[in-house]
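Shared chain: subunit A. Partners: subunit B in the first complex, subunit C in the second.
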Partner chain A sequence: MGAYLIRRAGQAIAVVVGVTVLTFVMIHMEPGSVARSILGIRATSDRIAIFNATYGLNQPLYKQFFAYVSQVLHGNLGTSYYLSQPVSTLFAQRLPRDLFLLGSSTVIALAISLPMGMYQAVRRGGIMDNLLSAVSFTLYCMPAFFFAVLLVAVFAVQTHIFLPEAPSGTSIGSMLTQPRALVLPIATLTLIQVAGFSRYMRSSVIDTLAQDYLRVARAKGLPERLVLLRHVLRNSLLPVVTIVGLSLPGLVTGAIVVEDVFNYQGMGLLFFDAATHHDFPILLGSTLIVGVATVLGNLAADIAYGILDPRVRYVRG
Partner chain B sequence: MRMIRPAAALVAALTLALAAAACSSSGTSGGSSTGKPQQGGTVTQAWIAATPNFIFPYAPATNTDGYNQNLTEPMWPPLAYDGDGGQSAVNPQESLYSSLTFSNGNKTVTMVLKSWKWSDGAPITSRDFTFLYNLLKANYQNWNLFIPGTFPVDVASVSASDTHTVVLNLTQPTSPDFFAGDVLNNVQLIPQHAWDKESVAGAVGDYDQTTAGAKAVYDFLQKEGSQISTFTTNPLWQVVNGPWKLSTFNSDGTLYGYVPNKSYSGPAKPYLTKVLNQSFTSDTSMLDALRSGSAIQVAPLPLNDVTQAGELKAEGYSTTPVAIPGVAGMEPNFYNASVGAVFRQLYIRQAMEELINRPQIVAKVFNGYADPGNGPVPVRAFPSWASPLEKQGGPYPYSPSAASSLLTSHGWKVVPNGVSTCQSPGSGPTQCGAGIPAGQQLQFQLAYSSGRATTDQTNAAIQSSEEQAGIKLNLKPEPFNTLIGNTGICTAKSHTKDCGWQIVEFGYNPYGLYPADNGNFATGGTSNFGGYSDPQADSLINATLQSSGTQAFYQYEDYVAKQLPWLWLPLRESLEVYKSNLAGFAPTNSFSADLDFETWHYSK
Partner chain C sequence: MSAADLDRAAELTAPAPAERGSGRLILAAFARNWQARAGIGIVVALVLFCFAGPLIYRTNQVTVNLNLKDVPPGAGHPLGADDAGYDVLGRLMVAGQSSLELGFAVAIATTLLGTIYGAIAGIAGGIIDGVMMRIVDTLLAIPWLVLLLIMVNIFPPSLWTIIALLTLLSWLGVARLVRGEVISLRTRDFVLAAKTMGSTTNRIMFRHMVPNAIGVIIVNATFSIADAILALSTLSFLGLGLPPPHADWGTMLSNGLNDLFNGYWWLVYPPAIVLIITIVAFSLIGDAVRDSLDVRLQRR
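Moving on, here comes the complex of A and B:
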């Protein structure tokens, strides 16, 4: 396992470096003047020169790249051109909020969808299975934007039960003090995820239920409850683990649609604004973070495989 | 003035435009409270994507966040206070000077400051002005609102003849209207007795009196001014002379608030006990908040959402229209390799303008909430500066037949709903014009800033109406920052690699209180992207900057209106919604930028 982790860490570094190089080159290939794009219509040549000198944009591309790598290695992700704040500060403000919003909605979604998928599989073909499948398909095919707006219209605008905007605080502690404001954004993300997770879980459980070892377990007299919990659930989780692992990067990229609808300052909007403003430091920093999250997500999924299924062993070769 | 300097980034201008409110012919709807003013209460004002990040009033050249002006001006108002109730004029009561005298052929300005005080009790003196002048003189290149050729570089010397009198000797004559309405309204007085220091622990001195010292002080203040986490705690920012002090500021700038400066010397003492500014990610989320009965009292209502006004009225809101102090137009590239020669012909530009049905666009696209766009000065935001010609509809009213005749008389084969072509090349009076070859098509690409439905509708209407004379416009919407990044300034001398564009429309360019050229049409102007250059226009523009009164201004205005350096377009207004029991908000002027909340109050 140790050798495996070391090997995966090496791969991870290579992936992150590769993604960084690729992103750096691609965003610098964008046509047009970054300085003018940031400074606007009335940018004078003097201001453009100051801007380029301040951010090193007057240097050859390879020098800019090595300067960037050097500052990243020193823990500095640069300064946002547009927001005039250190990128690390901006991430520190938004990342915890997204981790909280997306993390909590993912946990709740799993808590709902795993038993739901299992129940549907065990009772497949029944009324409840068909009903829940219909609900899942409806949620799955509904665009997040539309779903969010719908929830706002019903529960905020019409009935005033919940607030249409996320908490205004910037810390998780202050957000928790406004639960009415948290309900709709979390519900939106949760329900959309439930649809996907439950379908995977249902399919996986159906596959597992057809395995011979379950027949053996039952023949040995194991109660059905234990058959389901010990054998079916555990073996059915593998595909879901893959999906959850792949969704980890989403925790740091944010949920732009939900952020936009619920006035939630998160990573998604930060990244989007950076893209429209040619704000290279934020784009590069985000890519770096997402690259790391992707690698870690996959690594976590691999490790979870080994825990869930002892037959999976990470050996050299 | 309560408005961002025109040189600020467009986002700043957009902010203020949305926020600025004007008493327009469209009028205010809904009830506005008129009862006895009530002391106390909180107002929460909504903004779209407004997150200031710098508190020192003089931000670095690289800082483009126009909302920083919104943040600082309630605490450190400019010398000349823009907006007087519903009037777009300098407010003499709230301005920091009691008199402004011009002499020596308008090359000497004598300003007498009022005997007001800073919030710590220290008097405001002429030393405060020399302090800011010394800082800017040494650091103007690192001031994001600096306009080349203007304050402070056009000041030969500054002296303080007594504790309240400042004498500025200028390098050239200035227009008193320009000086008050476009210079002093962008200069915020700052406290020398508290800020003239080079470090946190250092003592206050007279460091600004040397260039090195002024640079050190400026660097120190800019560094401190970027520390968001200390905006409300740094002792520097506690010393204010405006009606408000900053009381809250969250770490990402999405929510900040003020409480009254109890030592404010001005005449308009705040009624409210707190004003909060909340930023929304989009107008959708803001509108949802309004419709959900949230605690927002003031908000901009995009024209796209004008149909929501009725529903908001049921929630207790009134609406008031906003006239934007700016000029909208399509800028032709006079030096584009393939069509520059075409645009250099006035009759072509005239024909194109005559094919724009501006009154119809105002009525159908903007529901009446727009300036007609008859020339370089908007008549609704600047009724006192708009010339009779502009007020009468401008020099080129909509006339497809006149446009077609004009083209035909200059050797073009006009193909309605097709593409007209030049059949008679040459520079004679009945020929297409110099540099235009036979077969040249009247087909252009119009690149414009995307994301606003009314802009899409306007350009689609223009595209359709231009086709009546065989002028084909290919529309190319792009995000604003992409558009501006790809649009080079093109002139006869410097033809940059980014001059492939043919016509560009950024939205609009803002004006200060004095709507002079502002770099739009003068040769080499910072916003003169298409390279328009006309010595007579330059001369008339200079006259507006050096003399006062409307005569020279009208001459400039009418000449430029006729010459069409841009194709004039209607300029949208926007709507402000406000709680009907909030008095003092409406009528508003185009320059208050919704920052004059010391005049707002609830009524009993």
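Moving on, here comes the complex of A and C:
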């Protein structure tokens, strides 16, 4: 297990370095002058020169890269060109909102889809199974933005049950005081995830149900409830753990759409605006954070997998 | 005929009937599957609708006609007209051409690129495999929309650049799958047997490994058609889709959503329904292929 962990951690570091290099190079390939897009088209050449010198944009690319890396290693993500605020301050405002949005929707989605997938697998072929499969299948095939706008149309415009726009407060505490505004953004992300997770859970349980150890468990007289809880559930969770770990980048994509529809002031909108303004520090910082989070998520999933299933350790380690 | 020739002939003929047999079994299972029949039926209907439809139902999709702005469905315009006066039914056909072309093009390019890359990594092993897979991990660690938002700024959007960008982002999954298959197949007895008989690496690759991995590859290709069409619609919604002379279902849908609350439902639901049906159809086919390849599932 030790050697396996060290090797996995080494791979994780390589990936983080790769993400940094890749985004840095790609962002600097964007056409058009940053200085012009920030200072406006009438900026004098002197002002542009000063801007470029201030942010080191007149240096060769590799020097800019190493300057950026050393800055990041010192805990400084730079200053936004467009918003003139430290990137870390902006992230400190936005990141908790996203953690809240993504975290709560993932937890709710798991709480719904695990029992749902299990129920469908045990009663597979029944009316409820087919009905639930059809629903999750349709959700899975629907563009997230269309689904979000439909929810707004039905629950905010037609019936006024919930609000069409996310809460405006900056802290989580103030957001929680407006629960009616929180429901739709969280519900959108939750249902998108339920569609994926429940399908995985269903097929995972179906696979487990065909295993011989279940016959043994039943043969020794274990009640069906315990068979399902002890043997089926625990073994079926394994592949789902990996999927949850892998789903983070997809979730971020969903979050960008949800933030755009509900005007939820999170990292997604910040990134989207930064992309249109050539705001390099924000673009670099947010890809770095998502990349690190994904790598950590996968690492955590792998470790959890190793703990849950001892066989994996011996095979890979 | 020498003994070596006999051996060679035996090697050539022996696996062939078995393979044809299993292929026929898979095809039979596929044909029995209602999902497969439904999916393929829908896809054929859609292709006819988009490519043969405009030949029968001729509409003006080139010049703006403000007299017809937002005309509700009625005589002459079964699904009404949009805010530029384009007939919605005719536009669905034309837009479908871009959407389907994009889906198929991305799926083919993705499959080729991913299969070759994955197979090379899997066969090479060692450091080459490690480096190649870390490159894949790196690209997978960045959300595709984030990468696209950056890349759309570098390359001005057109049908071809979007096909290229989506391909660049979606071959990763195939590469991983194929590499995994190749690694697990490499140690199987039949590969060892082929090696003992003196088969070359190429022969083992194309005669033994590719046929065994083809199922995974086809399943993935089917899903990547659906994913590409969905991805294009998300890009359109964010205003980064195909530029105006082109039309695609995603752009129609996201434009229509602006008018949803004005009651112009015919600008929203037709593209939404066609888009969802298309994605459902390809997903059904993908599921069906997977099921008919899974022997264990058939026995149950």
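FYI, the second predicted complex is superposed on the first by the 303 of 317 C-alpha atoms of A that agree within 3 Å, B and C clash if a C-alpha of one lies under 4 Å from a C-alpha of the other, contacts with A are read in each partner's own complex, and residues count from 1 in each chain.
Here, a residue touches a chain if its C-beta (ideal position, glycine included) is under 8 Å from a C-beta of that chain, and two chains touch if they have at least 3 such contacts.
The structure displayed is predicted, hence computed values, not measured ones.
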Subunit B versus subunit C on the shared subunit A, clash or fit? fit
Per the contact definition in the header, classify A:G40: touching subunit B only (first), subunit C only (second), both, or neither. first
After the superposition on A, what does A:N235 contact: first (subunit B), second (subunit C), both or neither? neither
Pick one for A:H277: touches subunit B only (first), subunit C only (second), both, or neither. first
Classify the contacts of A:Q193 with the two partner chains as first (subunit B alone), second (subunit C alone), both, or neither. neither
Just to be sure I read the superposition right, which of the two partners does A:T138 touch: subunit B = first, subunit C = second, or both, or neither? second
Touch test for A:D260: subunit B only (first), subunit C only (second), both, or neither? both
Quick check on the superposed pair: does A:L163 touch subunit B, subunit C, both, or neither? Answer first, second, both or neither. first
What is the minimum C-alpha distance, in Å, between subunit B and subunit C after the two complexes are superposed on chain A? 6
Contacts of subunit A common to subunit B and subunit C in the A-superposed view 30-31, 149, 157, 260, 278
In the complex with subunit A, residue positions of subunit B that touch it: 6-11, 49, 51, 53-54, 60-65, 141-142, 144, 146-148, 226, 228, 250-252, 254-255, 278, 280-282, 284-286, 288-289, 291-294, 479-482, 484-488, 498, 506, 509, 519, 526-527
Provide the residue numbers of subunit A that touch subunit B in the complex, in ascending order. 30-34, 36-44, 46-47, 50-51, 54-55, 81-85, 90, 93-94, 149, 152, 156-157, 160, 163-165, 168-170, 259-265, 269, 273, 276-278
Sort out for me which residues of subunit A touch subunit C in the complex. 11, 14-16, 18-19, 22-23, 26-27, 29-31, 137-138, 140-146, 149, 153, 157, 210, 249-250, 252-253, 256-257, 260, 271-272, 275, 278, 283, 286-287, 290-291, 294-295
Taking the complex as given, what residues does subunit C use to touch subunit A? 134-135, 137-147, 149-151, 153-154, 226, 230, 233-234, 237-238, 250, 253-254, 257, 260-261, 272, 275-276, 279-280, 283, 296, 300
